[in-house]
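Should a chain be cited, it is by its letter among A, B, C and D, assigned in written order, with residues numbered from 1 in that chain.
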Amino acid sequence: MRLLEYQGKELFAKAGIPVPRGRVAATVDEAVEIMREHPRPSVVKAQVLVGGRGKAGGVKFCSTPEDVVEPARAILGMTIKGEVARRILIEERMDIRQELYLSITVDRASKRPIIIASAMGGMDVEEVAATHPEAIATFRVNPAAGYWPYIGRRIAKQAAIPGSVMGQFVDIAGKLYALFFEVGAMLVEINPLAVTRDGALVASDAKVDLDDNGLIRHPEFESWRTDLPDHPLEQRARSINLNYAYLSGRGDESVGVIGNGAGLVMGTMDAVRAAGGEATDFCDIGGGAKAEVVRNAVDIVTADPRVKALFINIFGGITRGDEVARGLVAALDGGTWRKDKLVVRLTGTNEREGRAVLEAAGITAVETMSEGAARAVAIAKQG
Amino acid sequence: MRLLEYQGKELFAKAGIPVPRGRVAATVDEAVEIMREHPRPSVVKAQVLVGGRGKAGGVKFCSTPEDVVEPARAILGMTIKGEVARRILIEERMDIRQELYLSITVDRASKRPIIIASAMGGMDVEEVAATHPEAIATFRVNPAAGYWPYIGRRIAKQAAIPGSVMGQFVDIAGKLYALFFEVGAMLVEINPLAVTRDGALVASDAKVDLDDNGLIRHPEFESWRTDLPDHPLEQRARSINLNYAYLSGRGDESVGVIGNGAGLVMGTMDAVRAAGGEATDFCDIGGGAKAEVVRNAVDIVTADPRVKALFINIFGGITRGDEVARGLVAALDGGTWRKDKLVVRLTGTNEREGRAVLEAAGITAVETMSEGAARAVAIAKQG
Amino acid sequence: MSIYIDRASRVIVQGITGREGLANAQRMRAYGTAIAGGVTPGKGGQTVDGFAVFDTVADAVSKTGATVSIIFVPPPFAADAILEAADGGIRLIVCITEGIPVHDMLKAVAVLPDGVRLIGPNCPGLITPGQSLVGIMPGHVFAPGNVGLVSRSGTLTYEIVDQLTRAGIGQSTCVGIGGDPIIGTVFTDCLREFERDEQTKALVLVGEIGGTDEEDAAAMIESREFTKPVVAFIGGRSAPEGKRMGHAGAIVSGTRGTAQAKVEALQRVGVPVADSPAHIPELVRRALA
Amino acid sequence: MSIYIDRASRVIVQGITGREGLANAQRMRAYGTAIAGGVTPGKGGQTVDGFAVFDTVADAVSKTGATVSIIFVPPPFAADAILEAADGGIRLIVCITEGIPVHDMLKAVAVLPDGVRLIGPNCPGLITPGQSLVGIMPGHVFAPGNVGLVSRSGTLTYEIVDQLTRAGIGQSTCVGIGGDPIIGTVFTDCLREFERDEQTKALVLVGEIGGTDEEDAAAMIESREFTKPVVAFIGGRSAPEGKRMGHAGAIVSGTRGTAQAKVEALQRVGVPVADSPAHIPELVRRALA
């Protein structure tokens, strides 16, 4: 679960990492109220997850309750790369001398958290990494040993962090590491980590991505979900614990794909593309799914108006073919989806029983994935 | 720093370990007030560090504000094994079905915290360990791995903790382990860990010993110091960071020993005993001590009226002989201690300069430790 | 021969009294796996459908001599179960559980003792066809033979194995390593084992977008640490790039991790990469020729 | 020969710009130790009394090739300094600092990599007389020879060595392992090294009340893992038992840990235990005869 900047900064502040003074507003009136309480040179920032909001006009300045109106009105409701800014963060402006970079993420290869730092922070750090890899310092922390100050000193030295802020840097890196584990994050990133004119380090931005599996330990973050601009179908799927993704795509000639197992669904999407089509809806019913789950999956995928054909690909292991078939028939009976826009491939456990259920409902299953993909694409192209 | 029961229970409660409801009182009036607020069957317990308070009359019962007066009056100020009970803990009485044992301490050999548990808790657990070692379960936790619930389950199984309280036991063991590290303890012990009639586990007693070196991270515990019944000379020594121990002993013919390095001081005490005497005051001035430290050491040791002879044994490494000599002369000049009741042995770094300082003040240093010990004992015996 | 498991492997099931645990214990037993018993704290001494239940892994190991365990406990307790297995004397731990917090796994993997192998979590387990199934795969699609398989995917693997078996190509051992960010056993671990295994004459490697496990395997092939013929398939080639956030991922993996990068890394070291699972049997046949 | 250090040992001083660090760096250099430089974060690039200062141990190691470090940093930062040394490539770490929180050491020792030896903390260091002093001992009381010494005490060791040297008995290497509850190197570690060291013909073991390190050494002598003659002294025989609290300590150590238990354990395996440091030279002479 990715957090908006203001949510990330709330976590930073609790962890003792310095952030600019600021408050979030959802309306122009709230923005005016904030500026009335704290009339000072401020920056107004669109709260979106996508990058590049500055170029898109999502960052503006103001100093008084009067001149916040225009920026707030402009940004609230603005769409940036398909994402609607529903909130703005109003923060005091800082006098920044240098922009550093600091992040911690999960390094799959070493199976460890990796701390990444650079003295060349800001928008172009990824470019720096590609062109000047020596300007990027990394340290893979053994989680059993944990963070010790020498790690921060070593990174700071390697990344050429200015000596004058070394102590602060080592401290912030330690707090960021503690926060990373405390909240179960996949990523915590401060970019830029600003050096102000008076020599203080301040987290000028905050990107936090929480491990969804870790949220069982953090029910307190669930309330932040509503802030996230997911597609409504994704929200609906999540509410019933279904693994569904609404993918971008042209939308015409689209195939919705349902399968058991993320790998199989991805493989099926590959097959759809190989057959000349495009999959825009990904739905994994998981292992051992009951009829009810299948029915929900069909309901959600067919609710996407872009979908012109539905391809259900099941390879039964612990998932039973007859359960899937029953769910499918129930979904079609209770819904408006037409059988002739459906392709089913069913094999593995209880395959025979499943096929019988389908045939009784007038549905014939195909034999192979390739065959099914070809047929689904043909249906989608008919429109 | 060893904590009194009520202090340990305060830490337990914060850590989420169940303790009986109770409050501490320093006067009879406070005790009456506590019983007035909570008139219930209660136990009144002397707050002392020594064991065996029950047999010594330090544990009594009451139920009303009236009948707490007698026990409170009896226990407050009571001396148990040389220790004065300055406070009483008044707790609700529990209906105990079984007494378990649970502790965590530092195991030097494995360099790990060791969790110890037994289903045979209470006063006699040490006896159980000696006679029925199989009734004691232990687990040396790798601090890098930390405590995991399986450890608690494994110990519980091995110690035959009743299955009905296994979940609570695993939870309490985890909380006790976290507390152990949180406060930097050398020992956390729950004995007995009571199983009440309604099947709940409650810490009936609490023994916590904090690592003195760890107190730099825990200034909050310093305020608890005043509760501890140390000897006033020990308190004075601690206030100036001097490593001093007031040892029990007959007190006549006593030798006070000052040296640099705990091992050397202990060795010197051994030499005093070998010479037929007894050392009652241990003072280690540490490495590289300045004259001021030596002066303070002499002041404190000679303030013990039992001391009949003072033996100062210095083997100069980073400690300089002339510094020691100057501190010694200053102490004698400013105090009332007589030179003829003093034996000095001085060797190592700046030995010659030190001897010169002493001789100028009319003090002759002996050559060896054995010689010094013999002379000190002879002086002490003269009285 | 085979890798990791064979007919002699004695297996305990952690979480055996749960629905999943029991059903899969029965399926494994039916396949021929030597299930020695199971573990459910607090239920030691009971018997479920003929399986002896123990309170702790240590107890189960000391009483049954099992050296393999398979874990079906719920996500919040699974990392604890893994470490209990290791501490209890288990040498091969197969964790099926899906949805374990990544940080639980970061900690557990970091303290797993040397000499203990973890497969998974969030994996279908492994199978040495005709001998032992320690997992949740549909055993009937597998057939004994001389092709090894290692896969990050579950059901996609069944699909591929089904095609291999129908084409008359049997398998030595098939390992599903799981798709979570932090897993115990990666491709290169399996390649090392398959290199030593005399029965295995060729290998099918089923990768997926994300991570650099496929690139690492390619590097191992390039350095001749793995010398047998390999056929690969990379799942998710048509999947859109996820909504990316932050620069850290890009800094760590650079240009690696995409389907494109994986395919190129493998092709560069001479590994044919199938466009579709349907092409795999033909590529394997050629590799064995 | 010698153990742990010799003339070739290149040493860096962590905390070299502190009062203790600098004074001891100078003393060690004067003794002949090859001091390669020192480390003080934030002072890299400076020079103090001819010693090059580096910001990090990694930096110092890469620029000087040192493999030994001695630590003089204040207690709250000492465990961090130990781990920095290990991470930076140091193989032998000697920690002089007194007063380190026990829990810092529990954690640091648990994660110290294999192959890295820590001596101390709260120890006087070690010396191979005539070659290298990595510690705070008064070098002039030591003399080269063939008797090894290992001690839990500081100044008591100087006392004993002084008597050995005056009696014409030189030393191969003397190691002060420190008196804290958690230390990196214990008696048995040193015995293993001294057993292999050809120069060492006999060993003086200076123990102390508390712990079971002396009993462990006795067990090693009994099992013939250590075969050279040993002479022992146990300090604190007249010390009163500390005010004991709780049962845990007694449960862990049983009847061990007292001076009496240690003396008996050593005597039982044929080790003479001196009543007073003054008797040690005579016992050593007899052991060598």
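Keep this in mind: contacts are C-beta pairs under 8 Å (C-beta built on N, C-alpha and C of every residue); 3 or more make two chains touch, one makes a residue touch a chain.
What you see is a predicted model, and the numbers here were worked out from it, not measured in a lab.
Asker: Skipping chain A entirely, trace which chains still reach each other through touch and list those groups.
Answerer: one piece
Asker: Which contact partners do chain A and chain D have in common?
Answerer: B
Asker: If you tally the C-beta contacts, which comes out ahead, B-D or B-C?
Answerer: Output for the comparison: B-D.
Asker: With centres defined as the mean C-alpha position, give me the chain A-chain C separation in Å.
Answerer: Here the centre of chain C sits 27 Å away from the centre of chain A.
Asker: How far is the middle of chain C from the middle of chain D, if each middle is the mean of its Cα atoms, in Å?
Answerer: Chain centroid spacing, chain C to chain D, equals 48 Å.
Asker: Cα centroid separation between chain B and chain C, in whole Å?
Answerer: 54
Asker: Out of chain B, which residues touch more than one other chain, so two or more?
Answerer: Where chain B meets two or more other chains at a single residue, that happens at 142, 144-145.
Asker: Among the residues of chain D, pick out those that touch two or more other chains and give their numbers.
Answerer: Those would be 107, 110-111.
Asker: Treating touching as the only link between chains, describe the layout with one word: line, ring, star, complete or other.
Answerer: other
Asker: For each chain, which other chains does it touch, given as pairs?
Answerer: A-B, A-C, A-D, B-C, B-D
Asker: Could you please specify the touching residues of chain B with respect to chain A in the complex?
Answerer: The contact residues of chain B facing chain A are 144-145.
Asker: Contact residues on chain D for chain A in the complex?
Answerer: Chain D reaches chain A through residues 41-42, 44, 55-59, 77, 79-81, 83-84, 87-88, 107, 110-111.
Asker: Where on chain A is chain D touching in the complex?
Answerer: So the residues of chain A in touch with chain D come to 142, 144-146, 148-151, 153-154, 157, 163, 166.
Asker: Under the definition above, what is the set of chain D residues touching chain B in their complex?
Answerer: Listed in rising order, the residues are 20, 23-24, 75-76, 98-104, 106-107, 109-111, 124, 136-138, 141, 151-159, 162, 179, 181-182, 206, 208-213, 216, 235-240, 243, 245-252, 254, 275-278.
Asker: Of all residues in chain A, which touch chain C in the complex?
Answerer: Per the touch definition, chain A meets chain C at residues 2, 49-51, 101, 103-109, 111-114, 116, 125-126, 129-130, 136, 138, 142-144, 181, 184, 186-187, 189, 191, 207, 209, 211, 213-214, 216-217, 247-249, 259-264, 266-267, 269-274, 279, 282, 286-288, 315-318, 347-349, 368-370.
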